[in-house]
Amino acid sequence: MENKLLIPVLLGTAREGRQSEKAAIYVSEQLIAAGFDAPLVDVRDYAVGVTTPPWIPSEAFASWKELMGRADGLVIVSPEYNHGYPGELKIVLDSLMAEYARKPVGICGVSSGGFGGVRVVEQLRLVTINFQMVPLKATIQFSNIETFESAKYDEGVKKFCEELQWMATALKNAR
Amino acid sequence: MENKLLIPVLLGTAREGRQSEKAAIYVSEQLIAAGFDAPLVDVRDYAVGVTTPPWIPSEAFASWKELMGRADGLVIVSPEYNHGYPGELKIVLDSLMAEYARKPVGICGVSSGGFGGVRVVEQLRLVTINFQMVPLKATIQFSNIETFESAKYDEGVKKFCEELQWMATALKNAR
Amino acid sequence: MENKLLIPVLLGTAREGRQSEKAAIYVSEQLIAAGFDAPLVDVRDYAVGVTTPPWIPSEAFASWKELMGRADGLVIVSPEYNHGYPGELKIVLDSLMAEYARKPVGICGVSSGGFGGVRVVEQLRLVTINFQMVPLKATIQFSNIETFESAKYDEGVKKFCEELQWMATALKNAR
Amino acid sequence: MENKLLIPVLLGTAREGRQSEKAAIYVSEQLIAAGFDAPLVDVRDYAVGVTTPPWIPSEAFASWKELMGRADGLVIVSPEYNHGYPGELKIVLDSLMAEYARKPVGICGVSSGGFGGVRVVEQLRLVTINFQMVPLKATIQFSNIETFESAKYDEGVKKFCEELQWMATALKNAR
């Protein structure tokens, strides 16, 4: 049990009525089934304000910092808003730096339409490289989230978990 | 007087101690000197929360919506955080849609280092195209903002204002 | 007849067996039906080498330069190769500059998979803004191009043509 | 000797008069001095045509394929053309796939102006992630290349080599 890789699954939107929650719950469950320690975490719990510079200690960020400090990687499940990321997700991500280094990040896009949020995945890859993270090629792209059917994603999840396992292990062994 | 083009200058960070404020004040002043109606506006005044979906009416967004509805274009002055945009800026931008259509947007990047925020300009261009805005090629890139010297930017501002004037007029005449 | 807007439709891949040709022919035909002068042009005719700097006059680029000098805008139909654009397309695009200025560009993505080349659209938007072009929000996204069925795209084409017409006219009137 | 990491340094432009050659020679020399087997290779040797699909065997790509098959990573030194990559570089990169997997890529940007090609670095990061490569956070950004002075880059090179060494070793041990 204690050897499990810790990979938090971060739900990237705080909006009321958010549809991406379905995808994030699914991803967390699938990662747990695949043997990861993959707690679902929520930007609502960390993005409590917009004026505090992240380098000033605050209670709100303390648990996020502690979690990512222990983590072996990160999975982000994020809707695509106007081809980019939700602001509240960026506020949370920008609040840390050293805790991310040399850890893999798997990014899952969510959209109401048919393109699975692939553009927000691109923008987040560029952001996370600046954290010295390793963005995986593997993604899960949730299209038409209003009518979410998990069965469509089972094969993609398998590949995603394999790449995450490989990369998280490779980097952990070297850190 | 009543024929002036209305181009709000949006300061894109809400952080305490924000350095970009110097650049935003300068841009607003320069645009006013060039003949625009270019009030400085602040994401602090609009980004009051992270959970309200933008399509739900709120007092906070009403003035932003009213302003952009009347505007002939927009200038954004934004720092680059981890190669992307501040979350609070994205929250504000995502809160409107129709008000932006067929209007130009000039994007000015700000950075502590030497690259003038050119990467956040790229990410914001992609976001604003989805608003049906017209991103200008002209930008003003503020490097080393801690030691801001306005004289370095005067020539760039001139070119920026000319392109903004041309495009805002072309689109206004056609709308 | 002489009042038609000239909008070349550039097929962005030179590869043998290219599937995007179907999409480019379709787009050209639809634009012609909508009242544009929209000749199909081909990167094969312009990308004749990789070592000549574009600022050195060559027979190969002369007709491309002449065409874009007269044009009122440009439509690019490009496959997505590894989330980016084909090299031969970039060579052709990089060969001009002033001829593009203040003209609209509509970018249509093509892919074998289900995401319609939306990522190459993003990368090309950033390139074409540096030409001082105006990238349209409207795109046509051709998914699963091996089994191309034009009927699926008719509605998108209509919207695309309307936005192209509006923007090309607005800019032409102002140039 | 046989334990050295093989990291080819790919010069990404084929243009006559290319200034980036100075940067690529410098990077190759510095990597060799740091203990890598880092031969300078040239897109001119691989990008011999624009119509051959990369999956069709050709003499031109055989040595590139053989080299990357053996390599432990890749360094790209590329000028920024209109915010993107040279076409000939993309043609060469697109010609392989499996040979790149699970290897690091360090991307160095070159520009005539002051921004060190940071935008082409961003576009290439997205392309190389699709090769299942690991883009390093560390880059070397060559500004004002016409007046290249190597001393300005020595510190950046040191950091670049350290991250490359760490990541190439971590991934090699796991492959």
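Letters A, B, C and D mark the chains in the order given here, with residues in each chain numbered from 1 onward.
Everything below uses one rule, namely that contacts are C-beta pairs under 8 Å (C-beta built on N, C-alpha and C of every residue); 3 or more make two chains touch, one makes a residue touch a chain.
Every value quoted in this text rests on a predicted model; they were computed, and no experiment measured them.
On a Cα centroid basis, the chain most remote from chain B in this structure is D. Here C-D and B-D were compared by C-beta pairs in contact; the pair with more is C-D.
Per-chain Cα centroids separate chain C from chain D by 29 Å. Put simply, the C-alpha centre of chain B and that of chain D have 35 angstrom between them. Of all residues in chain C, those that touch two or more other chains are 83, 119, 122, 126, 129-131.
Interface residues of chain D, counted against chain A in their complex, comprise 102, 122, 125-126, 129-132, 134-137, 166-167, 169-171, 173-174. Of all the residues in chain D, the ones that touch chain B in their complex are 83, 114-116, 118-119, 122, 141, 143. Chain A makes touch with chain B in their complex at residues 14-17, 43-44, 47, 50-53, 56, 81-94, 119, 123, 126-127, 129-131.
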